[in-house]
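Structures follow.
Paired with chain B in one complex and with chain C in the other, chain A is shared by the two complexes that follow.
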Partner chain A sequence: MLQSLKIKSYLCALLLLATAAGKTVSAQEPSALKIIENVYNRDEGESRIGKIRMTLINNRDNKRIREIQQYVKDYGDMDKIIMFFITPADVRNTSFLSWSYDDESKVDNQWIYLPALKKVKRISSDSKKDYFMGSDFTYDDMGDRHPNADNHKLLRTETMNDEECYVIESIPKERGYMYSKKVTWVIKDKWIELKKTFYDEDGELLKNLTSLEYSLIKGYWFVTHLEMHNVQKNHRTDMQFIELELDAGVDDNLFTERMMSLGL
Partner chain B sequence: MKNKYNKQLVLLVCTMLSITAFSQNTPEIHGYVRNYTGVLTGQGTDYSIIQNTMNLSFEKKTPFMGFKLNPYVYHYAQDDDVDFGLREAYIDLFFDHFDLRVGKQQIVWGKADGVFITDVVSPKDLREFLLPDFEEIRIGITSIKLNYYFGKDNAFELVLAPEFEPTRYAEPGSIWFPKMSLQGAKIDMSEKKITPSLKNSEVFLKFSKLSDFIDYEIMGGYMFDDDQSMHTRRYMNPQTQTPDSVVITPRHHRLGLFGGSLGTEIKGVVLRSEAAFYTGKRFMSTNPMTPDGLIEKDYVHYLIGADWITRGINFSVQFIQEAILDYDSDIAKDKTTNTMTFIANDSFFNDKLTADVLAYWGLTNEDALIRPRITYELYGGLNLTVGGNLFFGSKGMFGQFDKNDMVYFKLKYDF
Partner chain C sequence: MKKISQLATKYPWLILSAILIVTVYFTVQMMNNSRLETDLDEYMPQTHPAFMYSDSAEAIFNIKDGILIALENKNGIYNTNTLRKVKELTKALQDMKEIERGDVNSLYEAENIVGTDGALDVTPFYDEVPDTPEALEKLRNNVRSNEIVYGRIVSNDETVTILTAEIEDDVFSIDFYNKLLDTAKDFEDEENAIYIAGKPIVEGTLVFLAPKDMQQMVPIVVLVIIIVLFIALRSIKTTLLTLLGVVLSIIWAFGLMAAVGVPIYSVATILPVMLIAMGVAYAIHLFNHLKIFLTRNPEATRAEALRNMVRVMGRPVVISATTTAVGFMSLLTSEVYPIKYFGLFTAFGVVVALALSLLMLPAALMLMGIPKNMLSTGAKERNHPLAVGLTKWVLSHQKGVVIGSVIVILLSGWGIQKVWINSSFIDKFNKDSDIVLTDQLINEKFGGTTILNVVLNSSDLDAFKQPDILRLADKMQVEVDAELEEVGNTFSLTHFLKRMNQVLHSDSAEYYTIPDSQDLNAQYLLLYEMSGDPDNLWKQVDYDFSRANLTFQLKGDDTKTIKAVLDRIDSYKDDFEELGVTIRYAGSGYKAMVFTQLILDGQIQSLALSLLIIIVILAITYREISVGLIASVPILITTVVSFGVMGFLNVPLSTTTALLASIAMGVGIDYAVHFIERYRDYRKIHTDKTQAAIATMNHTGRAIMFNAIIVISGFLVMLFSVFPPNRELGALISLNMFTSFVGTVTIMLVLINRKKKFKD
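Let's look at the complex of A and B:
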């Protein structure tokens, strides 16, 4: 009898802990894949113009600033993005063009224009693993990874910053991917990633991504301020849109070799 | 002489500042200041270079037009000499489907790294061999450039250069003066200069396409050979019937050029290729009986290359071949000259530190140039670079400078 009471007490305690930490998944919740697809397919308008300021902060709180002008257009089956680097001065007028496809069998096409060489160069799609301008974001972190590239599992639902979130674990299907696991807190109904944790190839926590600001712009939920914290190096990148226009009517001619070399 | 240069320099700077100060539409001003100090390690510890540089760029762009004025000043501390000029000075006109650029401009074609195959529109400044940045090696040419864009990422580029500008080589006395067997010869420079005229203009045309599968360029040119042909005349002593004197007349000849380049990606590896076919290129002869000491042949220059990323390190390898077609054994240059290049670069500490190496390996002459360097960002825009230029071999393009091994540092502030 005493043993039975002890077991019941443990179970009650575990249940309370589970309720406090996060709710268990109910049968009505969408599947993990569906949730990630909703994030992937969240409408952000057919185009946007944005000016991004990245502040790189090292473990001694020294700051470095990077500014980028960005144009993005959704063509239905593909997205085109062109970025012009504004600061620091030694990378000024460098531009980066990317065509990414919804068809997961097609690899992205990427080109870079280096003003010192005055040349547009095709670069390997493997460069998506590279860190972007010395920040804590890889090119892949900044783009949209196709939902089918990972196996997803809905761990629980949880309240974070007064937002009801789905907590999804994503394990890459491919071998040798730079992250062994990602855990994402997705805000219900808004389909915004409120937080994301990245684990390195040894399974150790590598980075935390936090959405600091997001708002409804022209009817679209959009994250305007993010922070990526590399906990292993204690290096942070604060990324903020200092100018942003959605449904900006971006001209197709922007996503060309012509514009890459002519610059802003 | 120096006083005259100083006056011109002051005039130039004043003009620039006046434009900036009084222009209603103030242009953007960017540029850099740099100190570049190199020490020879192969022959004592002489300084190979102590150079202070100011590079300014005045730019303005509207949806309809733009301009760029890019003056530079090099101060050589060893002999307190000043070299200044305009790297670029042009006006842009933008239209819906075409752009027009008129003025002095650097024009870069092709897909090769560190090698000039179809990239022959702008001549080269080789007074310090291949060691300066490529932006400083390329000489701006006064030209009219028309770009016409049509369809899906297709473009034509037409360049008309009314004034021919040759490759610049180091003067005798410089450690970068190319090894030549001209001892005792009299040099006649009377035919070196090409008089600017419509007839003596250079014309280049390129079609380029960017697509998801492949990027390619097809180009042609009616140009002057950037490298001078050494017309050699041997005058016989009528009494002894032996060569009495040798007169060398450098001359630039017309060349026909046809070429192209392409780039594509297969499974994460970017494959590149570039080729140029020249008609009527002249090569020096080893046979003293050859008229003018030159033999005219067609010539091919091409490369194949690959770029890939392994463990975050960017790698690039290129194989380059120069081949003289219908070869004549009297030609001094080898029938084929093979070179490989190797590039690797990586960055550390969130791009605070970058390390790279560029190596040229001459397979034909068994010579090489290896250029390792590291760059550290001291502050936003302020970078310190430490590197070396190491030459190997005894002959060939790189081996001839075997004694010019050097280490250097560059402190550069971009603004």
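Let's look at the complex of A and C:
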């Protein structure tokens, strides 16, 4: 009896907390566009080195694990990324190089190197909507989409996982984009996306993105562990950044076709 | 029997009101709870290993049946108008709520991977509709050089392009089909024609078409039966009473089905047919006897006459009905639920028909009076010349009758060997129907509308990155495709790998092969996963690369075609086994084939079982094994002749036609039991066997002849059905009634006449 009373009062407290947290939007808050720009422009250092451990889980709970060594450098108006597969063994040293431009009108450059073929090939593709390394993330999902491509609206602020969040709704300006709507929970002052939901062209929930771990590394906020769940296919991608080093001073010569073929 | 015979004459109102109440109850049940089962998978035994395997493979590889929409432009599809239609129709299909966006494929949705010297280009074939001659020409060349699209999405003569929409098993409904037709037909104009085909459409319409056609045909059948019944009985009262008995037994059977929540499966459409044949027989026997009794006993009161009718005819009617019911119950041994239910509810219907004829008919006549034409006219009873002539002829040609019967059985036996099983759905439609014509167009221009999934299994992870295994899978597909005309196309992981290999070698055709190294295969697949739609990949291979799904497109869904392909593929079993790979099959075409086989095995088993049960019951009833055996002769001949004629006329054995054997059995028992029963009685009166035979022929022979004529003329109406399986049904039932009648009055008469005496 006593126990159930306790649980009840605990529940009541929780409920009060939840209503208090769901504050309406006040005038002093930054604009929705500004919030999304802050996320887009969040400084993660000029370069980074690290491993990505990607676990792909299908609807039958089968898992595939991929490890990728990654080098990234920010050149102001463009980013350069080179990635080498570590595992599985049969694709080891398959590498991928990309030069992506902030200028929306410029087409990104991408190359692939297949060690068993010993050839570098340039890939041209409508890459923004492509899935990153067979995962549930598109390149857009990983932060490539420019804030100006969508109309943003600040719905409310609320507390989630003890973090003050702005809840922003983003509707694409162009017709026929792969998502009809996105809702993002942005952590105040950290400008990290704590959670994001994606709705498909029919307006149905398609994917949930959750940031599981994030930390301050060398003064930069960085999400080190995140999960994307495609609820329609029940397919999940768990992505972890390990042995991460920011402002690592990556050599410019790394981002070349020659380096791709040298491997790790 | 004596008590029952008094029941109807003493409490006619009570009996009729009780029947009315039950009928109202079952009618309400039928109105509110009847449900037609349209998902064919629901018909299949879920625990059977072949289905379990197929279902699990369908889940792993996301195998779904596809609706095919063909857009034909006789002047070629590479023009702005047609290509715009492809784009807009693709979007219209994606917008339908029954279809998942990602499940629509077309030239507009497909991606093209092209290799040039130093680059790899992954793009849609078109996004903006091409509107210049150069752009159209470029598109044409892109399609021609892509083996994954050319001949699969665009026909080789470039006049037809296909859009596919895969749907879940339970999505199909007539409303959805009509909506789909409306949506698609909107895109037609003078130049562009649209056709819709594919397994879901064929199966879906069939499930609705069979009962719908039955609904249209049965009233006409009933009307014809009313007319012929009236000509035979010359009384409106008895005609309507006979019919009422039949209709009520059908209502009760379907009402009970609805009350206990069993859906109507397509085989249940034979249930009314069965009950018409049996119900008419029971009533005719009773009325026939009533007339004869009144001729012999003109002074008898109404109650006396009716009591005598039930008392004398009750025994053979009960023997006949219970034996028939038990025979149908033997269908409970089938592994297939619709067949079990069919057996169960038909048995129930037969018992209802029995009860109604022994209770409702006398009760109604008690109240309404016996029809005038049955009352004695004072004329002396005499044997009909036809009965006399036929009996004398048969008995004086005993040898001939036996030899003739043996010849008929031998001939039928020869015909039976030609009987073939068919699980085809397409073959059930009229040859000039839209569905068949569309199917033909797609089979002619593309790989085929029937899909066979060949699943290769290995216990090794990454088996389907190994060159040896992939090469053998490729070899098998290429050879089977080349050798068998029925195979129009194949598709699997090997096509992706060959395409990638070619593209990464500057698109040179000599590299359209499986690479030598496992690593290269793995790297191609990774590249495909990164640049194409990975979902396409997971339809061909599982996550561990230990199982692969090879899709074979066939030009027919009949059992012969599928069997021929399976046999050819099985010949690679040993080669695959050496590499540790086993072959299994999956998909709806394969399941339909196994299912049909399963139904037929069950039916043939239960046929044999029910024959045995019938002989035992009759032997016990008459306390003589020889009588049991003699009584089974008409059934045997009817069944054998029925299958024999099917063999000669090339009518395949399907789930419907095989059930006809049970009707042959029901009718055969009825004729035999009544004939033997009467003959035994007359042998007690007449010392001369021939006189006893003539009397039996005049009494029972007339009743069964009327019954045969009435039911045959009713079911011949079904020859005008628009639905081919129902035409076959009508013809075969008529044949069965005829053979049962002839078998009873010839060979069975000869055999029974040879018996010296009967036990009491």
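One rule holds for everything that comes next: the second predicted complex is superposed on the first by the 241 of 264 C-alpha atoms of A that agree within 3 Å, B and C clash if a C-alpha of one lies under 4 Å from a C-alpha of the other, contacts with A are read in each partner's own complex, and residues count from 1 in each chain.
Here is the rule we go by: a contact is a pair of C-beta atoms (placed from the backbone, for glycine too) under 8 Å apart; a residue touches a chain by one contact, two chains touch by 3 or more.
Remember, predicted model here, so these are calculated numbers, not experimental data.
Undergrad: Between chain B and chain C, whom does A:Leu262 touch in the aligned arrangement: first, second, both, or neither?
TA: It touches chain B, and chain C stays clear.
Undergrad: Output check: A:Trp99 vs chain B and chain C. Expected answer is one of first, second, both, neither. What do you get?
TA: first
Undergrad: Applying the document's definition of touch, where does A:Glu201 land relative to chain B and chain C: first, second, both, or neither?
TA: Touch partner of A:Glu201: chain C, not chain B.
Undergrad: Please indicate which partner A:Ile65 is in contact with in the superposed arrangement: first for chain B, second for chain C, both, or neither.
TA: A:Ile65 contacts chain B only, not chain C.
Undergrad: If you stack the two complexes on chain A, which partner ends up touching A:Ile112: first (chain B), second (chain C), both, or neither?
TA: Second partner only, chain C.
Undergrad: Once the structures are superposed on A, label A:Thr87 by its partner contacts, choosing first (chain B), second (chain C), both or neither.
TA: first
Undergrad: Is there a shared patch on chain A that both chain B and chain C touch, and which residues make it up?
TA: Shared contact residues on chain A (touching chain B in one complex, chain C in the other): 58, 64, 88, 90, 116-117, 119-126, 130-131, 133-134, 233.
Undergrad: Contact residues on chain C for chain A in the complex?
TA: Against chain A, chain C makes touches at 59-60, 94-95, 100-101, 115, 118-124, 462, 465, 504, 515, 517-520, 522-524, 526-527, 529-531, 534-535, 538, 542-544.
Undergrad: Which of the residues in chain A end up touching chain C in this complex?
TA: Contacts found on chain A: 58, 60, 62-64, 85, 88, 90-91, 94, 96, 112, 114-117, 119-126, 130-134, 200-202, 232-233.
Undergrad: Going by the contact rule at the top, pick out the chain A residues touching chain B in the complex.
TA: The contact residues of chain A facing chain B are 56, 58, 64-65, 87-90, 92, 99, 106-107, 109, 111, 116-127, 129-131, 133-136, 233, 235, 253, 256-258, 262-264.
Undergrad: Can you check the complex and tell me which residues of chain B touch chain A?
TA: Per the touch definition, chain B meets chain A at residues 30, 32, 61, 92, 94, 99, 106, 108, 110-111, 133-135, 138, 147, 149, 153, 155, 208, 210, 212, 215, 263-265, 268-270, 307-309, 312, 314, 347, 350-352, 377, 380-381, 383, 412, 414-415.
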